[in-house]
Structures are given as C-alpha cells and as structure tokens.
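Have a look at the structure below, then the notes.
Chain nomenclature is as follows: A, B, C, D and E, assigned in order of appearance, with residue numbering initiated at 1 for each chain independently.
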Amino acid sequence: MALQDLKGVSGVSVSEADPAGSERRPAQPRQGVVAAAVYRGGIRIADIAVEEAAAWREREEAVIWIGLHEPDDELLLQVQDAFDLHELAIEDARHAHQRPKLEIYGDAMFVVARTAHMMNDEIVFGETHLFVGRGYVVSVRHGASSSYNLVRQRCEASPAALAHGENYILYSILDFVVDNYMPVIEAIHAEIEALEERVLREQLGKADIERLYLLRRNLLRLRNAVVPLVDVCRRHEHLDLPGMDDALHNLFRDVTDHVRRVQEDIDSLREVLAFTFEASLMIGQAEQTIIARKLASWAAILAVPTAIAGIYGMNFHDMPELSFRYGYFVVLAAILTICAVLYRLFRRARWL
Amino acid sequence: MALQDLKGVSGVSVSEADPAGSERRPAQPRQGVVAAAVYRGGIRIADIAVEEAAAWREREEAVIWIGLHEPDDELLLQVQDAFDLHELAIEDARHAHQRPKLEIYGDAMFVVARTAHMMNDEIVFGETHLFVGRGYVVSVRHGASSSYNLVRQRCEASPAALAHGENYILYSILDFVVDNYMPVIEAIHAEIEALEERVLREQLGKADIERLYLLRRNLLRLRNAVVPLVDVCRRHEHLDLPGMDDALHNLFRDVTDHVRRVQEDIDSLREVLAFTFEASLMIGQAEQTIIARKLASWAAILAVPTAIAGIYGMNFHDMPELSFRYGYFVVLAAILTICAVLYRLFRRARWL
Amino acid sequence: MALQDLKGVSGVSVSEADPAGSERRPAQPRQGVVAAAVYRGGIRIADIAVEEAAAWREREEAVIWIGLHEPDDELLLQVQDAFDLHELAIEDARHAHQRPKLEIYGDAMFVVARTAHMMNDEIVFGETHLFVGRGYVVSVRHGASSSYNLVRQRCEASPAALAHGENYILYSILDFVVDNYMPVIEAIHAEIEALEERVLREQLGKADIERLYLLRRNLLRLRNAVVPLVDVCRRHEHLDLPGMDDALHNLFRDVTDHVRRVQEDIDSLREVLAFTFEASLMIGQAEQTIIARKLASWAAILAVPTAIAGIYGMNFHDMPELSFRYGYFVVLAAILTICAVLYRLFRRARWL
Amino acid sequence: MALQDLKGVSGVSVSEADPAGSERRPAQPRQGVVAAAVYRGGIRIADIAVEEAAAWREREEAVIWIGLHEPDDELLLQVQDAFDLHELAIEDARHAHQRPKLEIYGDAMFVVARTAHMMNDEIVFGETHLFVGRGYVVSVRHGASSSYNLVRQRCEASPAALAHGENYILYSILDFVVDNYMPVIEAIHAEIEALEERVLREQLGKADIERLYLLRRNLLRLRNAVVPLVDVCRRHEHLDLPGMDDALHNLFRDVTDHVRRVQEDIDSLREVLAFTFEASLMIGQAEQTIIARKLASWAAILAVPTAIAGIYGMNFHDMPELSFRYGYFVVLAAILTICAVLYRLFRRARWL
Amino acid sequence: MALQDLKGVSGVSVSEADPAGSERRPAQPRQGVVAAAVYRGGIRIADIAVEEAAAWREREEAVIWIGLHEPDDELLLQVQDAFDLHELAIEDARHAHQRPKLEIYGDAMFVVARTAHMMNDEIVFGETHLFVGRGYVVSVRHGASSSYNLVRQRCEASPAALAHGENYILYSILDFVVDNYMPVIEAIHAEIEALEERVLREQLGKADIERLYLLRRNLLRLRNAVVPLVDVCRRHEHLDLPGMDDALHNLFRDVTDHVRRVQEDIDSLREVLAFTFEASLMIGQAEQTIIARKLASWAAILAVPTAIAGIYGMNFHDMPELSFRYGYFVVLAAILTICAVLYRLFRRARWL
C-alpha cells in the first residue's frame, strides 16, 4: 500500500484552521471518517467502510483501526453498533469537554486525552476519545488536534510492532499526544525567558503584564490536560489486559515517564512565573522609590531660587540688600551655590 | 399517565422565589409534599399519601418515591415511621446546613448534597437530603433548589431504567444535582472573563474589586458544596448494595466523573482569580509609576518659569539685565526653550 | 431527684469569670469537685464523695460520673487511686496545655479536648480532660469552659440512653464541646461580614487592621482546637470498646460529622479572611492611585497662575504687555481659561 | 554516690560558650568523656574508663551509659571497638550536621536528634547522636547543647525506672531534648507578641523588620529540628525492641505526643508571623495613603496665597484693584478665608 | 596498577568547558570512552575495548565497568549489543533530559540521575545514565558533569568493598553524585547570606533583585534534580537484587539519608528566599514612607517663605507694612521662625 494512498483520506472533515491535518481520499469520502482499515499481522489488508466493521470484527487476528474527526451522531451510532460500545462512552464522545480518564465498560476500554499543539504561534487545545477493545481501535478527535495519520504511517512502517494489535495502536497514539506537548512547552519556555529578561530590566508595561497573565492561563490549561493523564497511564499499568506482554508494558511505562517529565516541566514553569511576578513587584517598587527620590531632590533644588527670589521680590521700602552694589550678583551666586551643593549632596546619597 | 398530571402535583409548598419548580396537584394538596408515587417495573402504579407508604412498602417489587420540600416536623415523623428511618438522620434532615455526606444506618442510606443553580443572574444555594432503602426513596429539599419533578418525568419516560428501583432514582437525582452545577460555573466563568479584560486594560475600581471579591466567595461556597460530593460518590462505589448491577455502577461512575470535572473547573477558576489578583496588583503598581513620572515631569517643567521669573522679579536696584533691550523677550525665549527641551527629554525617556 | 438538687453542686470552684457555670451544692462543698454521682440503668442512685468512688466501682452495673474543675494535686491523687489511672495521664491532667488526643492506658481511655465559647463578646478557650473506663467517667475542666452540669441534666432526662453507661456519657460531653464551637464560629462570621463591608467601601484604618489580625489569630487558635479532635473521633471509631453497640456508633459518627463541619466552616472563614486581605490591598492601591491623580491634577492647574503671574511680575524695563490697555484683564482671563480647560481635561480623564 | 561527684565530671571538654553544662571530674579527666558508668538494677555500680567498656559489656544485667562531648577520632574508635558500632554510624557521629533519624544497624540503634536551648537570650542549636544496644547507651553531643548529667541524676534518683535499662535511658534523653524546646518556643512567642503590638501601632522600622526576619529563620531552623523527630518517635514505636514493655511504650508515646505539641506550636507561630507580615503591609499602605492625603491637602492650601499673591505682584500699569482702598486687606482676607475653607473641607474628608 | 595510568584515559571526549574532568589515555583513545576495565574480586584484571565486553561478560566472577561521556550512536549500539540493553533505555541515554528515575528492564536496571557541581562560581548541571546488570556497570555522562574516575580510584583503593560487584559500583557513583550537591548548596547558601544582609540594610537595587531571581531559579533546578532521586533511592531499597547484602543495604540507606538531607537544605533555602522577598517588600515600603514624609516635610517648610514673600511682593498701593521701619527684618525673622518651628515639629514626629 503506497504511502500516498494513506495520506489522503477524507479532507472534508478537516476545518480550515487545521491545514496540518488536511487529508484527502478520492473514493467514498465520508464526512467525519479520516481513515478506516483492517490489519493482520501488522499489515494493512483492507480499507473498509464503517458499515463493514462489524463483519470484519468477527474474523480471527484482524485488527480494525478507525480514525474519526468530529463525527456526526449517525456515524457515531454506526460505530457503536459495530463494536457494541457502551452508551455512556458514546455520550461522552458526542460532547467533548471530558476530563482525561480511562474507563472500563465490560471488556472495552474508553480513554479520553486532551491534546495541545502549536499553530501559528498560538497554543491550540483539542480532545481525543479512544475506544479500544479486542481487535479494534476507534479514535475520535475533537477540536484542532493533529491528525493521527502520521501515527498510522509510523505504525505501518514497523509491522512487527503493529502486529501486537490494539494495545500497540493505543500506545502509539498516546505517545504521539504526549510528544506533541513538548513543542508547546518549549514555546512557552521561550516566551517566559524573553519576558524574564524584560522583567529584570525595568517595570513591566501593560502589554507585558497581559502576556504574563495569558502565559499563566495557558500553563494552567496545559496542566489540566496533562496531570490527569498521569493517572490514566498509572491505571492502564494496573489493568490486566489481554495481549499486554513485557515489551508493551515497557512502552507504556515509557509514556508514563514522559508525561511525568512534561508535568514536572509545567510545574517548574509555573513556579518560574510566580518568581517573575514577585521579581516584577520588587522592580516596580524599586522604580517607584527611585522616582520618588528624584522628584523630592529636584523639588528641593528648585525651591531654593523660588524662595530666595521671592524674598527679594518683596516691596518693603526698607530692604538694605536691594541697594547694595553687586547685591543682585551675590544673591544669584548664592542661589547657584546652594543649588549646586544640594545637587552634590543628593548625588552622593544616590537620590539623583 | 399523562405528563400533564405529573407536572402539577403540589404547588403549595413552592415558595414564590422558585417559579421554575412550580407544581400543582388538584387533589389532596398537602403542605410540604411535592409528589408521592409507587412504581412497579418502572411504571407508576399509584399516587399515594404519605400515610399509605408503610402499607405499600410491604408489597413485593414496589418502589415508593416521595419528594418533600421543607417539610414540617409532623410530616417528617410520618415519613420516619413509614420507613423506620434513623433518629439522627431525621434530626439532620430537620435542620439543614449539613455537609454533603453518605451515611449508612442499618440497611438504609442517608445522603446529603448541596445544590446550586442560577436564578435571575444570582447563584442560589440549597440542600437536598435523600433517604434510600430497599424499595423507597425519600428526597427532602431545603432552600431554593430546583424541584426534582423534572427528574421524575425523565425517569418515568424510560421505565426499563426506572425498573432498577431505588438506586436508579438516587442516581437520577444526583446526576440532576451535578448537572445543575454547570450553568453556575459557566455564569461565573463568563463574569471572570469580563473582569479579566478590565483588569488587563486598567486598574480596577472599587465596584470591580467588590465583584472580584464576591466571585471568590461564591466559588468557595460552590467548592464546599462540590468537593465533599466526590467523597460521597467514592463511598457509594465501595458499598455492597443490593440491586447494584454493572449498568448502575457505570452510571454512578459517570456521576463521579462529572463531579470531578466540576471540581477541576472550580479549581481552575479559583486559580485564574488568583492570577487576576496578581495581574491587578501589577497593573496598579505600573499605573502608579506612570502617574508619579508624569507628576515629576510636569513639576520640573513648570518650575522653570517660576524660578526664572522669580529672579527677574527681585527688586535689586542694580540688575543690569532689566534694562537690556529685548531682555524680557530673551528671558521669555529662554524659558520656553528650556521647557521645550525638558519636555522632549521626558518624552524620550517615556516619562511623558 | 429534683433538678434543683442537680443544679447546685459546688459553687466554690467556679471563678467569677464564669457566671454561666455557677453551681451550688449545700452539703459537702469540696473545692474542685463539681459533681459526683453513681448511676444504675441510667438512674442516679447516689451522690458520692470522691473517696467513696473506689468502693462503688466494684459493684455490678454501677456507673460513676465525677466532674472536676481545676482540681488540686491531692484531689487528683484520690481520683487516680480510686480508678487506677495511669501516672502519665494524671500528669497531663495536672498541667493543662495538652493537644486534643485520645490515649489508651491499659483498659482506660484518656481524652483531651479544647473548648471554646463566647463570653461577653470575647472568645474564651478552655481544656477538658476525660478519663473513661469500665464503669466510670471523670471529667477535668481547665480554664473558663462551660460547666458540664447541663450535659448531666440532659443525660439524666433520658435514662434509657444513659443506661448505655460511660460511652454515652463520653459522647454527651464531646457533643456538648462541639456544639459550643458553633456560637463562636457564628460570632466570628458576623464580625467578618461587618469587616468585609468596610473593606469594600474604603481602605481599612488601623483599628480595622488590628481587628482583622485578631480574627485571624482567633480562628487559628480555634482551628488548633478543632482539627486534632477530628483525629480523636476517628481513632475512637476504630477502637473495639466494650459496650459500644450500633446506636452508640451512630452517635459518635454524628459527632465526628459535626466536628468536620466545624472544621470546614473554620477553613472557609480563614480563606475569606485571606480574600479580605487581598481585596484590602487592592482597594488601598486604588485609593493611592486616586489620590496621586488628584494631587497631580491640582498641582498642574495651580501651577498655571503662578507661572504666568511670575512672568508679568518681572521687573524688565521694556515689557510692552505691561502697558497694554486691559493687558491685566487679558492675562487674568487667559489664566482662568487655561485653568478651566485643564480642569475639564482632567475631569474627562477621570483624574478629578 | 554523692550528687556532687556526679555533677563534676569533665570540665575540659566544655566550651566557654556553655556555662550551663560546666562539669568537673577530679580523677581521670579525659578529653571528650563527660561521664561513663555501669548500672545494675538501676543502681550505679561503677565508674569506668571507656577502655573497660568491652569487658563490662559481657556481664549479665549490666547497663553501660557513656556520655561524650565532641570526642576526637581516637575516642570514637575506642567506643566503636567496645560496642561493635557500625562504621557508617560512627562516620555520621564524627561529622555533625545529620538529619534527625533513627537507623538500625544489626541489633544496634543509632538515633540523631537536634537540640535547641536558650542561652543569653539567643537560641543555640546543637546535635546529639545516640548509640543504643543491648546493655549500653552512648550519647555524643555536638555544639552548645546542654549536658545530659541532669538526665543522669534524674535517672539515678529513680532506680526502679532506670532498671528498665537502655530503653529507659534513651527515653530520658529524648524527653530532656524535647523539654528543652519549650523555653525556646516561649522566648520566640514572647518576642512575637512584642512585635505584633508594634506592628499594629505603626509601620515597622528597619530594626523590627530585621527582627521579624530573624524570628522566621529561627523558627524554620527549629522546625527542621523538630519535624523529623516526629518520624523518629513513630519509627521507634513500631520497632520490636527487647525489653520494651507497656510502661516504656507509654513513656515513648508521651514523648511523641510532646514533640507533636511542639510542632503544632511552631506551625502556629509561623502562621502568626505570616499574619504579622500581611498586617504590616496593610499598615504600611494605610500609612502611605495618610501621608499622601496630608501632602496633597497642604499643597492645595498653600498654593492659594502663592497664586493670588502672584497675580497682584504682576507689574501691569493698569490694575485697578491695586489702587483700591483696603484692596490689600480685602485680598489678605480672601486668602485667609479660602485657606480656612479648604482646611475645613479637608478636615471633614479626613484627609487632614 | 599505578594511579597515574588510571587518571589519564581519554581526553578527547572532554569538552573545554570541563577542565576538572580532563583525562588522557595514551593507547587506543576512543571518542566517548573514558575508561573500560574488568575486575575480579575487587582487583582490576584488564583494560578492555568496548568490543571485548561481550566476551568478558560470560566469564565467572568478572565485573565489567565502562565509563562513557556523550557517546555517539555507534558506540551506544556496541554497548547495547554487548550487554543486551533494552531499546528504550538506550533511546533515553541517547537524548539527555530525562527525569531522575530507576527502571527495570528484564534483569537489568536503568538509573538516571542529574548532577550539579560548581565551576568558576557557576552552577553547572549534567546528567548521568547508568546501566547496571549482573556483572557490569555502564555509566553514560551528559553535559558538564565531573568525571567518575575519582570514583573508580576510590573503589580500586578498597578492593574488599569493590568485590561486592556492580551494586557497590552503583552505590559509589550515586554517593559521588550526591556528595557533589553539597558544595553547590553551600555556594548558594553563602550568596543568600550576602544578599540577606543587603536586604535588611536597604531596598534592593535591580542587580540584587536579578541575583535573587536567579538564585530562586537555580534552587528550583537543583530541587528538580534532587527530589526524584529520593524516589530512586527508595525504589532501589525495595528491589530484591542479587548480591545485595546487609552491608550494601546500609550503604544505600546512607545515600538515601544524604539525599534527604540535601532536599531539606534546599527546601530551607527556598523558604529563606521567600522570607527575603517579603522582608524586601517591607523594607521597600518603609523606604517609600520615609521618602514621602521627608518630601512632605520639606515642601511644607519651603512653602512658608514663598507664600509670605509672595504676599509682600504684591503691588497694592496701600500696604502699610511695607513702609514700617524694620518691617522687612520682622518678616524675615517671622519666616525663619516659622520654618524653624516646622522643622522641629517634623523632627519630633520623626518625619525628618
């Protein structure tokens, strides 16, 4: 099967906001179905329509892998019928906004994960629902998540691994989801580093404070996506699933480890942002002190000529200094001298 | 049984503050009783008076569902007698202000939940007490909570599910309670978003600070309602109740999941409000710095004419400049020049 | 037995600061002994002296209940001898300032609880030590706690319950202690509400800040009294005590629940006080900004006449404007116009 | 054995900074050995040299108790040889700066505790290492901790208790260490109370802020000493040690309880200091607002004579008011009136 | 084997940034291999090339210890082949930036630790990956960590200990890593002490705030390195590894203890930095208050001559004071007196 065939499956369901996931399938383009294929021994043996899934499911050794993107209710019902999926899980898959979780319904597993990736310098969040059972995996993407065709390609490129069946597919998708967190974290990290340089140079302006605020909110959102996933991975570890051998266990442990690393990074960044906030408060306070000192110093210096000149501007008839020769120049000199002395005093005290 | 009959049961007990829950029952309108019916196989077979409950309770397969709203002591005693409820649970039900909890008294379960819903853009909190035992459910509402007749209608609309008996009724009520948290959270969320836009534009005024403060208090109150409910759900999961099959377990797990999602949302909003507070402090500090700089700049600029004019306003007899031709104009020009230069310097330093 | 007899036992030991607990016993008033009686089947069969306790203890079915208030060492030794109490527990009971705890010494239980109640609008803290064993309860009160005669009266009013023996007495006292926390919390709550209204109206003055500070300290102290009591209740639940039947278990669970509710209230109030602090900081900052703006505005407006008048106060011989007809009035008008324009500008910018 | 003999053991090892622990032993004063004795049945039967310890160890029923203070390496090696102590424990004992901990090496216990006591109004921290095994206790003190001779005296005064052997000695030393925390906490408590009075009266000066800062650091250090000790006590409780009967268990539980009480006190004080910080911030902010208001008020009042006088100081030829009769007095009166009105307005607004 | 031989192994792989770890091996200098040797009974019996490792591995009692520094892919593959290392572990070792962790792959252990040491007054972070299995240890260093040749020397100096095999080598390396944290903590500690002295003397300048900020970030990074290591040590304790006897267990427990002590130190320093931040805020606020008071005081004092002189500078024809004899001097004296009185008042109020 040519890679080219795989890549273009169903471009109709792809929103304009998601050019990265644009796919096209010349024949039977069905709204919401990104790809649907049957594998045996890790080799793709047929592309199927969703309606045929139930029939294929009964065959020995066949693994059906269907990828959906924001399916309509009719399509979801077909999938539900084909794999006997539980009503509650289908209900969850219909409305997005679920917490990342792993639920067991009879002998089927329902996994929810939140996705995040960078798109035009913006963080875009999405949600993926996975139905996994003996011999099938159905993935349902919501929002602007990356298409899993890349995962499918990679899996098909190593048939020996893919021969492990549905658990390997589940691992591949989770691994992909977690891998996609990394560039998001790196982007946030870069922005924080740019911000902290500004923080330490001068008091932040409104635009920077807004940026800081949005960074904190995005990190919070990312954290809400990642933290429950640690639990999902831990729960999966303790399930006694058919077909989970040591090799697969190691792979899942690797994902768990990766999620934890992501969580640690997020927590560090959150703490750094808290430090940034505190440093910014301190810088702002120091700035205010500097301005207050400067204001006080100049006010003092400029009050001298005003006060002295005011006194010699009085209209008393009998003010002997006024008729002194060079009195004016002496006063001018006195004013300048006092101002100069004050200036030096303030300078020495580091107020100016 | 017509829906119309179901809807109007006992309008007497409904306070004017709760138009949403207005119900009417033509016959035997008893103060405090919203509805009382017996079900068999999920079908409502009779509307009963509270006094008849004890008799019905002995019949096989019958499930009694009674809904009360702020019952008086006499009514509570009748209910207690009919179902042999424990004194302490009745005591709790009499006085509201209980923590959400699940208690087992003999073979009866006593559940307390706090409700919250929006009414005229205000969050209104209430409390619901549930007595659940073999063959009966008694709900006692306190405060301005929504009536559970909507729950009853929905249950009666799916008799197959209602045939599960008291546990299904308990599930339906809890599900309804948790569902009602969502619009409250959404309203708070909308208000926070409006607030955070203002926070990032300028320093908050007193009205906004008050709004922020009240939001925090309401979120705290909502959290106090929701968090112990997670424990209630978890405890219920580990009870070995008669009639709890897999299907019901899945439903209760779904409620638990929903409550957790609500808690996560609340915690996120709380954290966002904390960010808002910090951003507001920073914006306020930046605002003060800006004002201090402007004040200092204009003070400096305006001190120039005052000081120079003061000097040439002195009355010394011998001030040669005074008799210079165009002396006045030179000084005027000097003043304007110095002011202009200062203005540009401050401008360049972004103080003005 | 007449209530009158019960009420007045030993007024000598009651400090003047505790009029609520004033009791009097005409015969044998012994310093430190508030009441000492023997019960059988829930009925008070005899009032005894502490010295007789050991003899009564050997009789079947008798329950001895002794109430002490700040006993001297001699009295404590007598009690120790009568009930074979452990040295360490007696040591603890001698010096107050223990953490709330539950200890088992052999077959005797030693419980410490901290009490709090309102007295003349002030929160007063005390400490109660309880020795509980097969057939006896000894309570030792320290500080200004309420007398337990009210508990005794209530117990004697329901002999069926009191027939449960020492565990019921222990329950009654703990229930009373926890009930007494409620008015304290309500008083604090009322004060916080008064304070938060002031916080949201204007910046707090020193007296309010002090009040806020003291509220926080009192809440902290109350919390230190209540939180370990949750542990005490939980430990009691897991003890395998003789005579603890289901009914008693339910009662103790009710107390535990009550303590938890108290703790939740305290934590909420603490959080509200933290919000109050933050709101107060924000209000204070907003206030400072407003003042700075006003100061800057008026300084700018008033600098105008000063600067212009200064210029026309110069003594240059050749200042053509000075001899203009109506020059003075033109300048006056110019000054007024500039000031008025500035005023409107500042007004529009909401600086004034 | 006379108390006098016991008191003076080895003054050489005592630093000048520790007069409280000054001891002297006339015979065999060995550097680093404070006391070394053998007990049987709670009675001191011989004073020994460290070299003789190994020989004594083999005798039945003998308990060796050696107290060292900052021993040199040679002495530590002798002790290690005598009791077969583990290399790692000796290594720890050589270099102080260990965390409080309890380690088991074979059948010997190694306990580390941090000590704290008041000396000349300063908190002094030290460290004690204890080697406890069948029939011996070796204590090694580092830093300015109190001598344990007081403990030895108390133990010898109650031979029945001391007859319990090494576990009783361990208890006595731990109890002494924990008891010594109390005066430290009381001293800190007194200082905090003095500070909080100042905090609530006016904004803190630099000296007070420094004091506050040092208090927080000392509390942190004390907390680091105490908190791990709770774990040490808990671990000890769960050890199955030979010779630990119920009586000893109760004693150790008493120490645990005491440590917990100390920890609770420390945590309360830490929280009070946090409240103090926040109250101080609020007082400081209120202070600044008051000053800003006063400054603004006086600036406004004083600007009036300056502006008006400036206008009448202008040199226009045609200023009719100047030649009005009493014009000067009218203007003077106007100035005074305006200033007085402003003053009253500011007064009423509580700005002055 | 001479120490000299040991020291110089492979200088090629050492980056210029790491002069401390510079090594040279005259023969077979292979890029990335720092040392590779075989031990039997704790004695180095041969230096080997990585290619020979597989052959040596089959011999009884031989322990192979290979030290790598930033190996290229080819070298890693050779090592993987020689010891059958797991693909995922090799993958981790290729890309650094792993969390400290301990993983078991079959019968091999994979340990990740983060290193930190001081270099030219800068903290330098690195990463070490350890593959440990029956009869071999492979260490892979990334970044500027210290070479482990010092560890190798120490191990070879005590053959009896080294005879314990791979577990002893693992212990030695972990011990070395943890020991290297200490100078880093001491350097941070010294800097914090310098900073806190400045904090308490005056408001921090921008350079100090930046220093404070960087200290916090470095401590955070160090904490991220150390905290997961506590888990690694704890996990190791509970592994049932071949060849782990009591002596080794004690050694590993000693490392665990050391890591915990390091963590406690880091947490204390973090808390001290938080105190420093708060103290700095308070000092800054106090500073601003002082400046505001000084500014207000001088403004008031200097407003006096201006206002009075302004009044006598008015040009009214009829101002009787102007023609008073000594009027000018009286006014001068009045001005000076008022200023002096104000000065003393401000002085007394501690505003000046």
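In this text, a contact is a pair of C-beta atoms (placed from the backbone, for glycine too) under 8 Å apart; a residue touches a chain by one contact, two chains touch by 3 or more.
Because the structure is predicted, anything quoted here is derived from the model rather than measured.
**Student:** By that same contact rule, can you tell me which chains touch chain C and chain D alike?
**Tutor:** Looking at chain D and chain C together, no chain touches each of them.
**Student:** How many Å are there between the centre of chain C and the centre of chain E, using C-alpha atoms for each centre?
**Tutor:** 45
**Student:** As a quick test, compute the distance in whole Å between the mean CA positions of chain D and chain E.
**Tutor:** That pair's centroid distance is 28 Å.
**Student:** Which chain A residues reach two or more other chains?
**Tutor:** As it turns out, chain A has residues touching two or more other chains at 281, 285, 288, 292, 295, 299, 306, 310, 313-315, 319.
**Student:** Between the chains shown, work out who touches whom and classify the graph as line, ring, star, complete or other.
**Tutor:** ring
**Student:** If you start at chain D and step next to chain E, which chains follow, in turn, all the way round the ring?
**Tutor:** So the chains, read around the ring from chain D toward chain E, go D, E, A, B, C.
**Student:** In the complex formed with chain E, which residues of chain A make contact?
**Tutor:** Of all residues in chain A, those touching chain E are 196, 199-201, 246, 250-251, 253-254, 257, 260-261, 264, 268, 271-272, 275-276, 278-279, 281-283, 285-286, 288-289, 292-293, 295-296, 299-300, 303, 306-307, 310-311, 313-319.
**Student:** Under the touch definition given earlier, write down the residues of chain C that touch chain D in their complex.
**Tutor:** It comes out as residues 86, 88, 97-99, 101, 103, 105-106, 203-206, 209-210, 212-213, 216-217, 220-221, 224, 228, 277, 280-281, 284-285, 287-288, 291-292, 294-295, 298-299, 302, 305-306, 309-310, 312-315, 319, 321-328, 331-332, 335.
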